[in-house]
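What follows is a pair of complexes built around subunit A, which joins subunit B in one and subunit C in the other.
For the complex of A and B:
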């Protein structure tokens, strides 16, 4: 049961990361690589403030920090006309040193024994932890859902769709992009912040490869829930993250494979999971063709 | 609609696969081993641990060992710890700091033996080395900096400036470097730091030190260790000795080190695990900082940089050809 519930909790926490990645990649159609850096930024800020005795402040500070990181990337892209991918890489690289500095020039900050948002309730049972993770996810989901139906939110969606059209409508495209990337990285940093308090430590290498996890979650979710609307997209991001965690858990459970095959097994399961809709469609089409041939013979 | 059905089916399959509890609770003990990345030192520690357990009488039918590696992915570490708790192992051995922190944070009844953690109290894993709490105890591999530089002085006297090559993201490296700097300051030795964020930048960092230093010191750092052959090449061409912090580094071309064999640290941890499995309470087993060191010297490097090894050294140290 621990693995089941634990995977659910991790899925919800990393779901916030997936939401941030979804905003940048799908809504704004910008390949933003700052996530590796802003995730660790949120992790570091939250860890340091929790050790100082302010876990909740840590969460909010991480939100702000993520927004600042996103703003920097946005400014590089829009004002300095740096290519989006490079802008993200520049911010991510710079954040590495900043994160080390925040953690007190240490690569690892331990939170074990400190009050965190997960231990604040009377009983830090598994159910409480899951509930806290779920509540945070739902709150962020609802806020985002509301935001992307406001004037600003719609401008962001439009920019991702057809930038020239938006510019022609005399909306400040630069401002819109910067705000969107800031929000995206804010979500990513929030994910890092919650994770730090969940796992009890912050390590500088926690952000390595986080982009891959975010993208995998978004795409897995989309395969099942479709791309029809933004709200569905957000739900898909969170669900995709949970499914991805379950896949890892499944890969871990199997003792048939040696320890070093973990990533190969999880890659295989992800590939299989993604091909389910395609296989189903193929089977349906073949069924239709078969039926068609049968009825053609009858004539 | 069809896609939602597919999703539901997938979730049900995953749920049931993950949720079904592991079978029997027989007399066989299960020990889990968790590591974050795969590298030479960790492999040695793991092998040392497993071999010692087998030596102590825990044969295959009495003890099942489950090894899991997060393969460098921190996010998998939490899932692995949850899986260990889920399958109800009798003891968990964690290699290095992040894995130990993640496991201790799970706050379960399963005893934890940590293998080779640089600073257990600093990392929050236990509060007291003598009387370990948090259901964990184990071995610490703090590097003996003082002995290291005294040995360096006897092998290659006259070093005025040291170059320190390390990766800032490893807590162990940073702690060791701090200690080294204290030694240098007390003894009036100059030093120059070259920081390496990633294995790919090791070559340039090393080259930046050449011409400024008389010797290079590398702490217990996995990134630089991975690129040690490059460092050794550059240093050999410049005729500068490289003092590493593990036998693996010397095997890859560094000149010399005073090290604790990783296999030995694994074996010592196995002894502690044996005590726990036989019923000793974990807080009765103090965590130990391993202190039996051996000098390891690479003979080929020695001849390439023009260092003569005296007969005493040749007889007492471990020589690698």
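For the complex of A and C:
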């Protein structure tokens, strides 16, 4: 039961990350590696402000910080024409130093004994913790659902589809891209910010490979809900994240693999999920060839 | 009104591939003019349209639309005034957006970019009415993703998208070339009706001389970056295809044999 609730809580928190990854990867069709840096940025900002006694401010500051990080990647991509993947890596690399600086040149900040959004008010039971995580996820989900139906949201979706068409509709493609990457990283940083207060510490290496984990969640979610619409996609990202945490928790519990193998397993899931369409196609083609040969023999 | 004065463009200047794509072109389209443009491959027809819509800036010359100098206005800003269609039906629409979402995006040219819901009820009705005029049943598929439509249907949706905000200029770059003959005919008919109904100033590139002479009120022939023939009115009404071919070979100094390959009847 503790396992179940624990992974539900983590799943909801990491669901925000999956939402951010979904926006960049699926809606905008850009693999944005800034996530690795902006996730830790969210943790750092949130942790430092929580220690200073402002946990709620910490959450909002992380949102803004993530958006700034995303804007830098966006500017590099659009105005400077840097390759999207490289642009993300550049920002992520720079963020490592910035994150260390925010955390007071220490690789770890502990929040033990400080009031967090999870310990405010009533005693922090598992139910209130779950509720707080769920409320944040649902609010972000609703905002995104609404936003991607507005004119600006629509132009973001179209930009991931066909830039020429967006330009022909007299919309500034560069600006739309920058806004989308900023929103994506805002979600990622928010995820980190909530996580820091949930687990009670921030670590400089929290963000390593986090983009792949977000992507794994998105892909797992799509297995359940498909890819029919953006709203379903957002729901899939959150549900995928919860399922992902369950799988990991179960695997760790039953000692299928040790904790340090976590990232390897995530990488494997993503690699497999991305390869499946090609493998399926190859198998189909082999089948066609086999049957073609068989029928040829009959002549 | 579109006014182009002395437009020149050289591609790959200073390299062995240097190519004079536009050679001091001057042309004026009064409001409501529907001009068809013909010419062989590499004559500069598409380059002219790309120059007008702002894909690149001219090396020399000046373009003004409706009295406004747009020579150095950015492409997406010009798009507010210019509707455009390409040969490739995939180019004008976003496949994973529905028909009404695509139309709403195109219609947003009329509005300021905002955070209001993109497809309002009032607009939905307006889009539906506009689509139903084409008798293709598209008005019943407003929530269908455009990626599921055929090339002809997509081109019709694109045509409506390009004209729904009533542009000052409509550019059609062989927009029926990728369609089968029957669908191409239908799309051309729809084009004519939209243009005449809204009195749009229009430029249309075509390789089909017959439709070049039949549609619109004026025909321009281009060769090697120059306008070599510009006919309208009575002269255009009387001219036959063989006569036009002969004029082309005389002006362009090429053998007639080539024309049959370059310009299909």
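For the reader, a short list of remarks on this structure follows.
Following the convention adopted for this analysis, the second predicted complex is superposed on the first by the 254 of 299 C-alpha atoms of A that agree within 3 Å, B and C clash if a C-alpha of one lies under 4 Å from a C-alpha of the other, contacts with A are read in each partner's own complex, and residues count from 1 in each chain.
By our rule, a residue touches a chain if its C-beta (ideal position, glycine included) is under 8 Å from a C-beta of that chain, and two chains touch if they have at least 3 such contacts.
Note that the coordinates shown come from a computational prediction; the quantities given were computed from them, not determined experimentally.
In the three-chain model built by superposing on subunit A, subunit B and subunit C fit together without any clash. Of the two partners subunit B and subunit C, more residues of subunit A are touched by B.
In the superposed model, A:161 makes contact with subunit C only, not with subunit B.
When the shared chain is aligned, subunit C comes close enough to touch A:171, but subunit B does not. Contact with subunit C, but none with subunit B, is seen for A:151 once the two complexes are overlaid on the shared chain.
Superposition on chain A places subunit B within reach of subunit C only down to 20 Å, the least C-alpha distance between them. The residues of subunit A lying in touch with subunit C in their complex are 146-147, 149-155, 157-158, 161-162, 164-173. Contact residues of subunit B toward subunit A in the complex are 2-4, 6-7, 10-11, 14-15, 17-19, 21, 38, 66-80, 82-83, 85-87, 97-98, 101-102, 104-105, 122-125, 127, 134, 168-171, 174, 197.
Across the complex, subunit B is touched by residues 1-4, 6-7, 10, 14, 96, 100, 105-108, 110-113, 198-201, 203-206, 208-210, 213, 223-226, 239, 243, 245-250, 252-253, 255, 258-260, 262-263, 273, 276-277, 280 of subunit A. Against subunit A, in their complex, subunit C makes its touches with residues 75-80, 83-84, 90-97, 101-102, 104-106, 108-109, 111, 113-119, 161-162.
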